[in-house]
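Same chain, two partners: subunit A is paired with subunit B first, then with subunit C.
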Partner chain A sequence: MKWFISQETIKAPFQKILEKGCGEKVARCYQCGKCSAGCPMAFQMDYLPNQIIRMIQLGMEKEVLSSKTIWLCASCFTCTARCPREINVAEIMDFLRRHAYRTRIIPSGDTEIPLFNKIFLRNIELFGRLYEVGLIGMFNLLSGEFFKDFTVAPKMFLKQKIGIFPWRNKNAKALKDIFRRSGGLEKAQRGRLLYPKLIFLNLSKKFIGKIEKLK
Partner chain B sequence: MKIGVFICHCGTNISATVDVEKVAQVTSKLAKVHFSTTYLYMCSNPGQELIKKAIKEKGLDRIVVCSCSPSLHEKTFRKCAEEAGINPYLVEIANIREHCSWVHRDKKEATLKAIDIVRLAVAKVSRDKPLVKTYVPIEKRVLIIGGGISGIQSAIDIAFAKYPVTIVERESSIGGRMARFDKTFPTLDCAACILTPKMVTVSQSQYVTIYTCSEIEEVSGHVGDFKVKIRKRARSVDINKCTGCGACYAKCPVKVSAKFDMNLGLRKAIYVPFPQAVPNVPVIDRQNCLWFSAKNASGGTKKACGLCKKICNFGAIDYDMQDEIIEEKFGAIIVATGFTQFDHSVYGEYGYGKYKDVVTGLHFERMASSSGPTGGKIIRPSDGKEARDVVFIQCVGSRDEQKGVPYCSRICCMYTAKHALLLKEHNKDAQAYVFYIDIRAAGKNYEEFVKKVQDEYGAIYLRGRVSRIFEKGGKIIVRGADTLSGAQIEIKADLVVLATGLIARPETVKLAQMLHIPYDQNRLFTEAHPKLAPVETVTSGIFLTGACQSPKDIPDSVATASAASVKALGLLLQDKLEKEPLIAKVDRNLCSGCRACVVACPFNAIDMKEIEDRALKCKRDVAEVVEGVCTGCGNCTVVCRMSAIDIEGFSNRQIMEEIEAL
Partner chain C sequence: MKYAYFPGCSLHSTAREYDRSAKEVALALGIELAEIPDWICCGATPAHITMQLLSIALPVKNLLLAKKMEACEVVTCCAACFNRLKTANKFMKQRGEEQLKIEKILGEPYRGEVEVRHFLDVLVNVFGSKNLETRVIKRLKGLKVASYYGCLLNRLKDVTGLDDEEEPRMIDDLMEVLGAEAVKWPYKTECCGASFSLTKTDVVLKLSGDILQMAYDEGAQAIVVACPMCQSNLDIRQAMVNKKYKKNFNMPIIYFTQLVALALGVEMKKLGFEKHMVDPRPLLKEKEIIFSKA
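After this line comes the complex of A and B, so read on.
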């Protein structure tokens, strides 16, 4: 990775948006690495949490937003609890996810987490609580792996872990209201769950990959 | 002869591995040993009382204490013996802790070895002679070599105690490095504002003599009586007549680049280095002065300039002034010669010398200084435009075993942080980028300062060394790495500032040889003990302060300066100087006058003296030890082929006796 530093990159609006968006001052970080040391998801990440903070300091917006790390973050807040410079790293990760949606920079091929995230939230918005079959069906359909975990379904059905029909929340209307307001605030445009272009790209990548494997 | 043997348990330090009771039992049967006992802590008050009581009751005349290393408690037991009424030099220490119990595990074997060690000590003590301490007078004056902040502080402290003190400074003004700085970290005091009051105090004190343009030529003698030759270089301006009006350098037609301003600005051929110079008397740079160059070129026939002499109303200009040698005596010497900058031209990759816009920290200081050559503007030396993007590179020369010095120069992290801050204060649009390996901000408020520079002044710190600097389109491209993000970094900079390390002055070696003080592999003067004697040298009467000993910042330099002056004052406050009698002694009857010892002595403590030999009825030369200088190191006894020279308390006879006892 090569990076050109100048006043333009360092003083780019990205840092200011971040500081405004989550109230955290990344310049304070002195790179001790305690956030990465305690992170339970670090083994799967392409950049460690401290590296993400460092990249923000250097103004590497695109690299940060297209990283897997921000989507792998489980928001366990271990990093926030332990940071000696009082930086809320988990909050920053949360912000980065929102910002990634907004700017539509999502690691489409490498991870389905953004997609899952969207479907999950849409699911809650629609039914007021999780409708598992709908979630899995939708996710499989859009991620291109139609029969993923298909064999487990009957077992889970018999154990009453999943139902065929959705359960309604008693106060689904209030929840919808929350979504409407936060969406309005964040302009996250959650209503437009499916960017047709993105899904098409995702699916085509998957199929091309599979065909190549068959060869 | 009644010898007493006292064996210490040292808690369990000795008794765990050595059967002390058995040692006492065996040694009590040795010839000449009259009494032998053990005690838990011999160095404790009851332990010493036990020794005193035994000396009195048993009528002992020599004692052996079997305990720890003599470097720890020899003095204690000598004093104890003296109080009990026997000569303190009739005491020997048998080291059965460091030499035996601590290094062995087998109790049986260790006990046997301890017995052997005690037997040797008993053999040695039986040949000890009562010795008397000698006293030498003290010259109550202090010499300070170097007029930087360390030297100035030492002079102030000594003058405060009303003892005369002399500062010898090589340059034409005192002030040293600190006079060149703009601000000081971490409080951002203006360097000149806090230094000049001290310089004025020194110059006004009746106890302080300042020799500027002067260097040490020769040092002889010893503590309490150093004879020093000082060369006062011709200044060509009479200090007593000059009023510092400045008419001469206003008129001087010659302009050369100013060394004081790191060659960023110009000065005249007759000049004062900076406005607050002490003494505020100009000096003529004879190499560039037209009068001198005309005189040298044509043998004085050609018409020379001489403007300064004409303009001077006080007749202070004296072209015929010659170097002067001053000889003075001092009781103590404080060495405060300071440091010099690492020569970074060895780093071809940094392009120093090739690109004008690659400068050192000291250049930056002069640029930032409001009385400096740019009037406080941070500019690009190549085109004079204000610098916007400035890259700082730390550890230039420091922590580099291949091209530089292995040690950390200690102050570069802080002064670079200060520069990054000053840059932002001088130019709001500027951006500082700092390449570092580690930030070493270990001082009061230092870490907070660096954090402030990063948080509030937006300096970008990049962890990694720079690999290449090159010019492209009028900008300086700096290529480095940021190991924290794992990225290769490229920055288009206007100015690159190298934080060059601190190294010893090249003249250090010569001075060390003159003063007989040791220096280390980096040519920094070595202190007597890194923890317990940090400002003393192994040569008594010579003290160290400031960066000539190790890289130091201003607070540390001032602290060591005060420490050194207290040590020097402690010396001067004594009426006479006590000297250990354990020194070399020459047997004139045996001495053949071969001078081998004169050559071998590292302290120049042996002179040759002509004596009348009655037996041979002729005059001949023999060696004579200068008592005040001899340290009793024993080099002379080793080289003496006649065995004519002996160390008192460590005589050849005693050593033979020890070997025989084994």
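After this line comes the complex of A and C, so read on.
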């Protein structure tokens, strides 16, 4: 893909928004690449972590927010621990994901990860503690992977690794308030925790994949 | 010693044996673990990548619940919960607009005053390895283990403040106290891909497979962990790793608390070994650490 970096993108406020949002000074990065060298997920990413940092410096907001990289980051903090310029790269990845949710930019691939996060949070909001059956069921349903982990699940039940019923939460109201108020203060578009486009994308991708396999 | 105990979601589901064995260890050593009443999920990874305020508010809510108990310190076994609770504390110790927002969300003031510890820290540093050594009844002689710390226990150092980020020694030293041998291996803090267990299973299989391979190459007979996510990725997914990469790993993934409990003479039956996908009992029997029929 060809990019044209112009005066406009460089002067774009993206870097400033990011620096204000997470307090990390991206300008200090001197592209040593140490963050990417230790990144366990780098082999799956479309841009390496150090490239993402460079792209931020150049104001390439759209490319960064729609990259797969930001969603593939496992928040393992290896990059942060090793950066010689003391840039918290993992925190920057966090900020980028939150920003992508806010601006509703959908990644160019691996769309099941943003979907999973939202399902997870919905699960917590409803039950207070993670209710695995609900989480797995909902995720499989909405991502189109209906039979994923069907071989593992019965063993998990037998070994009582996952329960069948959710926990009854006595803090339910307090919990709802926490979610509602955090969402409001953060302008997180919480009302659209599961936006249809994301679900549609996932489902259609899975079905197209299945049809191609059949051919 | 009395602690407010925060088990976390995993220890009530996929990692029940961790919860049980930790309680057994605590009982044997006279450490009181009082579970925080009605604790809620700490939000884990999905919270902090979706909404920052939420990712702080959820752990702080738990810390506020703990504050109402008699205990002054919170202890948890889950490395991820530990990391989130510590992060929340660090965040709340600063003073600014964001902290005010959190207090507004929760309707209560909080300044990071409830100390948070990992159970490993309690054993090694508070109770003390020396004290522990005097209590060991059954030395785990002949057992060669790889201690695996994962990402969240020691990263970042200024958040968890526990051990070295790149070359931690806590579990290794603990294993030597128990009489086991901790092998030298380079993957102590490598990532297992925890949060992608469901979404990107392939990636988890690759990362976990590499970790298993390295431990195997360095001569470990089992991997010792302190995180429920590491355990479930390495243990539950091991059969899938074997299938995908045509391997024959049969590597038990054991919680450090289970081994401590065994060394302290706790009955094997109470430690939930039957819940593991890769059964550690044959290995333990071979090393004459446990005797009874499985």
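The rule we apply is simple: the second predicted complex is superposed on the first by the 200 of 215 C-alpha atoms of A that agree within 3 Å, B and C clash if a C-alpha of one lies under 4 Å from a C-alpha of the other, contacts with A are read in each partner's own complex, and residues count from 1 in each chain.
Criterion: contacts are C-beta pairs under 8 Å (C-beta built on N, C-alpha and C of every residue); 3 or more make two chains touch, one makes a residue touch a chain.
Model, not experiment: these values are computed from the prediction.
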item	value
When subunit B and subunit C are modelled together on subunit A, clash or fit	fit
Subunit B versus subunit C as contact partner of A:Q31, first or second or both or neither	first
Partner chain(s) touched by A:K155 [first = subunit B, second = subunit C, both, neither]	second
Touched partner set for A:I10, first subunit B, second subunit C, both or neither	first
Which partner reaches more residues of subunit A (counting touched residues only), subunit B or subunit C	C
Partner chain in contact with A:R97 - subunit B first, subunit C second, else both or neither	second
Smallest separation in angstrom, by C-alpha atoms, between subunit B and subunit C in the superposition	24
Residue ranges of subunit A touching subunit C (in the complex, touch as defined)	40-41, 44, 72, 74-78, 80-81, 93-94, 97-98, 101, 110, 112-113, 116-118, 120-121, 124, 128-130, 132, 135-136, 139, 148-149, 152, 155-156, 159-163, 167, 169-171, 174-175, 177-179, 181-183, 185-186, 188, 190
Residues of subunit B touching subunit A in the complex	388-389, 431, 433, 451, 454-455, 458, 460, 462-463, 482, 484-492
Parts of subunit C lying in touch with subunit A, wherever the complex brings them together	9-10, 12-14, 16, 38-41, 43-54, 57-58, 61, 101, 104-106, 151-152, 155-157, 165-166, 189-191, 193-196, 198-201, 203, 207, 236, 274-275, 277
Residue ranges of subunit A in contact with subunit B within the complex	1-7, 10-11, 25, 27-28, 30-31, 50-51, 54-55, 57-58, 60
